[in-house]
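Worksheet: one structure, shown below.
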Amino acid sequence: MKRSWKKKNKILVIHGPNLHILGKREKNIYGDFTISELNLELKKIAHQHNYILETFQSNSEGEIVEKISNSNYDFLIINPAAYTHTSVAIRDAILSVEKPTIEVHISNIYKREEFRRKSLISDIVLGTITGLGKLSYILALYAAIKLQK
Amino acid sequence: MKRSWKKKNKILVIHGPNLHILGKREKNIYGDFTISELNLELKKIAHQHNYILETFQSNSEGEIVEKISNSNYDFLIINPAAYTHTSVAIRDAILSVEKPTIEVHISNIYKREEFRRKSLISDIVLGTITGLGKLSYILALYAAIKLQK
Amino acid sequence: MKRSWKKKNKILVIHGPNLHILGKREKNIYGDFTISELNLELKKIAHQHNYILETFQSNSEGEIVEKISNSNYDFLIINPAAYTHTSVAIRDAILSVEKPTIEVHISNIYKREEFRRKSLISDIVLGTITGLGKLSYILALYAAIKLQK
Amino acid sequence: MKRSWKKKNKILVIHGPNLHILGKREKNIYGDFTISELNLELKKIAHQHNYILETFQSNSEGEIVEKISNSNYDFLIINPAAYTHTSVAIRDAILSVEKPTIEVHISNIYKREEFRRKSLISDIVLGTITGLGKLSYILALYAAIKLQK
Amino acid sequence: MKRSWKKKNKILVIHGPNLHILGKREKNIYGDFTISELNLELKKIAHQHNYILETFQSNSEGEIVEKISNSNYDFLIINPAAYTHTSVAIRDAILSVEKPTIEVHISNIYKREEFRRKSLISDIVLGTITGLGKLSYILALYAAIKLQK
Amino acid sequence: MKRSWKKKNKILVIHGPNLHILGKREKNIYGDFTISELNLELKKIAHQHNYILETFQSNSEGEIVEKISNSNYDFLIINPAAYTHTSVAIRDAILSVEKPTIEVHISNIYKREEFRRKSLISDIVLGTITGLGKLSYILALYAAIKLQK
Amino acid sequence: MKRSWKKKNKILVIHGPNLHILGKREKNIYGDFTISELNLELKKIAHQHNYILETFQSNSEGEIVEKISNSNYDFLIINPAAYTHTSVAIRDAILSVEKPTIEVHISNIYKREEFRRKSLISDIVLGTITGLGKLSYILALYAAIKLQK
Amino acid sequence: MKRSWKKKNKILVIHGPNLHILGKREKNIYGDFTISELNLELKKIAHQHNYILETFQSNSEGEIVEKISNSNYDFLIINPAAYTHTSVAIRDAILSVEKPTIEVHISNIYKREEFRRKSLISDIVLGTITGLGKLSYILALYAAIKLQK
Amino acid sequence: MKRSWKKKNKILVIHGPNLHILGKREKNIYGDFTISELNLELKKIAHQHNYILETFQSNSEGEIVEKISNSNYDFLIINPAAYTHTSVAIRDAILSVEKPTIEVHISNIYKREEFRRKSLISDIVLGTITGLGKLSYILALYAAIKLQK
Amino acid sequence: MKRSWKKKNKILVIHGPNLHILGKREKNIYGDFTISELNLELKKIAHQHNYILETFQSNSEGEIVEKISNSNYDFLIINPAAYTHTSVAIRDAILSVEKPTIEVHISNIYKREEFRRKSLISDIVLGTITGLGKLSYILALYAAIKLQK
Amino acid sequence: MKRSWKKKNKILVIHGPNLHILGKREKNIYGDFTISELNLELKKIAHQHNYILETFQSNSEGEIVEKISNSNYDFLIINPAAYTHTSVAIRDAILSVEKPTIEVHISNIYKREEFRRKSLISDIVLGTITGLGKLSYILALYAAIKLQK
Amino acid sequence: MKRSWKKKNKILVIHGPNLHILGKREKNIYGDFTISELNLELKKIAHQHNYILETFQSNSEGEIVEKISNSNYDFLIINPAAYTHTSVAIRDAILSVEKPTIEVHISNIYKREEFRRKSLISDIVLGTITGLGKLSYILALYAAIKLQK
């Protein structure tokens, strides 16, 4: 399937359930940065490259579905967290909007429980970045910028 | 299990996640009618046969559970969309209210991804209608009317 | 795959094995109507809408294959009964004639033995109607009529 | 499920596909008696105990289905041979007539290929006798006689 | 993993989806007590032992996730109901707060559908109490009190 | 594998675990005869045909293994009951003594839990008789007598 | 299935294989109490509530089967230990006596090897208490007392 | 297993279900030759090499079984089509006649649906030729001729 | 996928690991011809039809990959031997060169160990010829010649 | 896990079920030495190296469990025979005593039935020696001696 | 597992089998850049950040194993291509050298054949970048640089 | 299968991939001896017993295949390392030379990843020695010497 797009301005970053407590607990797995710090850093980079970047966190599958299908944006970076493995609804939302999308994970999901190995969206996104801490997001952002030029 | 009921007045139609954008995207799969047009058509038919018909759409599993268990109605027509394959909670809600129910799907779920073949509610509803576009709903409505006479 | 057809005249209804004794035994599962009564009712409806409707019952897989591939008709309604779960030959026959087809089942096959949950034709027909007694056939007929207009 | 019946007169014995060549080939597996000799011996025993015994052999799944559902008899002894492992249609026929039934096999199906270990009728018959050569039939006949007294 | 804690004051009890209608329907499975009556009884016992006990019911996976991670408490008793079998998000929330937790079920989930046998949280809680009606909660409460002394 | 033997005198009947309470509980499954009555009836038949018949019941896997390998007999009839599905040791014992053996079951194990469908000895015995109540034993005895002539 | 019983006097507690060395080895998993201390504590509680409590430990599957079916008691508390996962014979014994039964485990079997997750008796007992150390037994005893009032 | 045979005269070619419409539909998969043209070509080649070649097509499993076991021939070339994947009866028929046999398929069955990958006869024939259109038959014929010299 | 090509001159035949000892060991499985004799015979036939034929044998997965992707030829006949079942690398090489290819096997791989039944290249070649000894190669060569005309 | 121990004196050798008849039957699989001869040979070697060696054979799972946990020894060599594949209780006993252990098998269990390939203790012992007849025991004894120096 | 390292100088990039023809075939999947161009670009970036970067391509599993274990470097970026799914040897090599490693893939392996979804190294590397064309490598290089500061 | 051989002189020891770095990395798993030290020790023992012993290490599957099939020796001791689990080619090589062979592993492969539990050669060698460090080799050597006397 051919995908092409002109230079555009807005990138949406979605954080899934339990990511609101980033940097507060289980730092050995998720690192010691908070979600606010991460969002700030991403926005700064986007701004330097002349993009608008919006961030969104929710613990609710339904709210994430609505954010994906009702927002206006040109590129999606999503860390579905626990919903990676269970949500067909988020898959359907991504399928329906047909925006270029990158899936990111902070921890290496292949080192954890067996059920975390299966992602319900990996086969419908452009690509996936896993296991590199907050770098996973930053690299995805560079890719988004690069791919839209 | 014997099920019997007298003539009653209200039919509830529930649309699951991502169906709020019906007719706007992926028309080759879902057809080009909007959810408003579909709801209107269903209400007209119900009215002609002297029934009240209420429609409800939500992207949230919890809201659908509550709609099923807290509403007042005599027959349920439900298209759980993505939640068909993942929601035990909706199954439990349907089980607990013990209303005659028909499951409908717009597209033929057997032509799509493997995981869409398993429905968590098929074995607890009266029957299922799949793959006939908006006709799936209309036939379910005819069945609801017929079965309540 | 695009499917289109003009208004046509003939609908073929095929009943699979053991349906010749409908209404005589296991009435709690299959209802108390006989196959003759059902065929009569279907023909009456077809006639009212200006269609020819032919019915055919066989306990032989080979005869059903031949009926599907050697008959002249515009729409197929088929209840393969036990062959639903085992016959690749019937699947191939339906594939080869390329007629619009609806699969029907009288009982809710999802409430019964595990092996009845797998249909070998669901993914190659337009759609499926399950569990609504003789209404399964009648709704399929309405769909056939509607879809050919 | 309670099953009870009064003394009756007729026992039907059905031989499935490939049993018409009994005693002619693969004698190390199936023994050296022909199907005619076996039938004769069974009829003699039945006659001594004042029963009528009818025998039937067919290589066609459809014919066996029809024999089961269209005949008049009080007890069924069936060796479905190869159809043991594949025929849902024969299962449905036995289910629909609700006659006491014993399943028999000449060879020990558990010593052969893996797929011969699954029988589609074992859970709906009274019992099963396997691996004892023509004795499998004779013991089933004694059981039929004993159980009808 | 060593777990130790001093005497503390607050126990949180979470009821998952469909439990708001306890005692109103399906009494043969869930008993005839309402959720209010159950909550009252639990609070009385906690009070006698000098504990604060808070109760919370929600049909929404996201709200339960937030309750678990944003509340202040020393011990968690949770009946995830339908989400037991599907929610990785609730598992992640429990993992991240690292509070001693007991999982409870009113009915014996091993007597029901196959898919209810798998719990996504059993391996990360202290223990599980299943099948004893409202006693499941009461025993869990005794354990919470005992274990905090 | 060719098996042949001359006329001999002793038949051993082994009853596995929980069969000591036959006829006392669960009569709907196992019938209302006690194990003593059954043993008596089997001995009478054996005596009429000039055979010695010894019976043995144990709830211990090890004792059954020793009975099989340390006794002196010409034919074995065994109902391993629960050990049918779990004991490789009994399988090994039967393999090592190389006596003609028939496996019997009182109830139809195919109508019960899934795990009862697998027998660890079916592929190493002459044949199996299942589901015919105490007739299962009596028919096995007739077969033993017949096969030794 | 409705279960009801009047106030009765005797509770039987069965400890399965390897539990005779409780408190001597692997204290991190099983705690540091010995089986004698545990039995004493249970008897004291039973006595306070006016019950007789008998305890029994065996490493032999056959002896446990016999204890279950040959003893006289009103309520069974059983920790089958390793036999939880392998013994159909103990399942059959519990099924045959039809006494109200609670299954207990000292450690959380869901945190250990995969094969320990399957219990062969969970679906035939009233309920299960897992992972709470000696409290698992004590809570089961409270339940036994409560349920018999 | 050693197989040897002298020069003989007759080759039987069996075409399974749905092959009677070869060259009429789905030409992209099966090519544009009709079964009559194919049969003619095969007969011509056989005649040039001094063999008799008989062809047979049937949609009935039972008829194919009978053709295999009741005909007189020296070599079998069979395309079981849909029955390749489901017919234990045809397998048994081929086993019982013990003639050298080659299995052929027109299309590459490994490029199609998953269930077409399993053949129930591949392990009992001499060899298999797949995916080469009508050449599959012609090469099989050359092999039959070569192997009988 | 449409494949078409004009008359060309060169056919490459690749023999996988362990085929260099053809005719020296395990003659009952692989026949008594050596690889040199086979290569000679194939070259003679190719020469008669005006083709160049190159042969290549290697026990190294890497060398075969390189041969496939670095050579110049119009048609590939390959017997990957043991690598049939394990080499994704050879699959990728064949995919990347996009030459018409036939897979051959000397022995009937369906009669041997279970793991030999899965070929990693069957679904990407034109077709497969199995079990006919050196005829497998010769027939593949005829097909290559025929298909290039 | 680091294991270290000083020079000690006693080695325990346990033989599982059916090994009491070693050398009497099935000599082609198990060799023609008796268990007494084997025990004698092992004791002689132990004595030469200044060790005490005790041997124990039982057909009872419970007795083996008790021998393992109630005896006094420094090294365990165990051939669990049939219990290798079924006994979690023996696994638990070995786990609880924490003695260095070697698992031995006389025959090559990988050449026999599929279910013999899974050992329930292989992952908790030091190592395993399989298929070398009585040498399996002797080599294990040498290892025990070597590892304790 | 804690991993820490000081600023170092050398990054090794390994390209697996069939990547030597990058940009020459199947451009729709792999893009139109050659491996030389890609290597050049990576070296330029590394140079700008003051790192040495070595590249290596091989079609031989053995050579890659040796490169990994015999080279001198501080960080590994590897695209194992086809060996991703089959090579335990490469996994072992990476495990043994204990260097920080990132796995990259040019195409989205989740959109391709099922067997490409399983990577044998994902659980032992720091992280994985998939599906972003040559950007996959460039982002991995940025991560390597960032993580070593 | 009977195996017998007279006293001979040469034993070949093959070390698979990654074993050339024994004693240099991962010492906790593989011990701290180097491959040279191990080889020296094995040669000394062989010499004392009057045998020639050759050792060979390779990371290439093809080279190991060739070593096995082209060398001259009387007994093979092989540690296939990673190829244990994937190499059908090595299996085929061992099968074709028909030399007595023992498989050895340094670490206990049953304590490691799931995929290491399956060996592709265990069922075709004399026996296997696993988990005893360098003793695995030494015991295999003793067995080779003993078995050739």
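Just so it is clear, A, B, C, D, E, F, G, H, I, J, K and L label the chains in written order, and each chain counts residues from 1 on its own.
The rule is simple: contacts are C-beta pairs under 8 Å (C-beta built on N, C-alpha and C of every residue); 3 or more make two chains touch, one makes a residue touch a chain.
What you are looking at is a predicted structure, and each value in this text was computed from that prediction instead of being measured.
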Partner chains shared by chain E and chain L (touch criterion as defined above): none
Equivalent interface to F-J, taken from D-F, B-E or A-K so that over half of the residue contact pairs match: B-E
Approximate Å spacing (C-alpha centroids) for the pair chain D, chain E: 55
Centroid spacing, where centroids are CA-atom means, of chain A and chain L in whole angstrom: 49
Centre-of-Cα separation between chain H and chain G, whole angstrom: 63
Two or more partner chains touched - positions in chain H: 60-63, 86
Pairs of chains in contact (touch as defined earlier), listed by label: A-B, A-E, A-K, B-C, B-E, C-D, C-H, D-F, D-H, E-G, F-G, F-J, G-J, H-I, I-K, I-L, J-L, K-L
Chain B residues touching chain A - in the complex, by the definition given at the top: 16-18, 20-21, 25-26, 58-63, 81-83, 85-86, 115-116
Residue ranges of chain F in contact with chain D within the complex: 102, 108, 110-111, 119, 122-132, 135-136, 139, 142-143, 146-147
Of all residues in chain E, those that touch chain A in their complex: 60-63, 65-66, 69, 86-89, 91-93, 95-98, 120
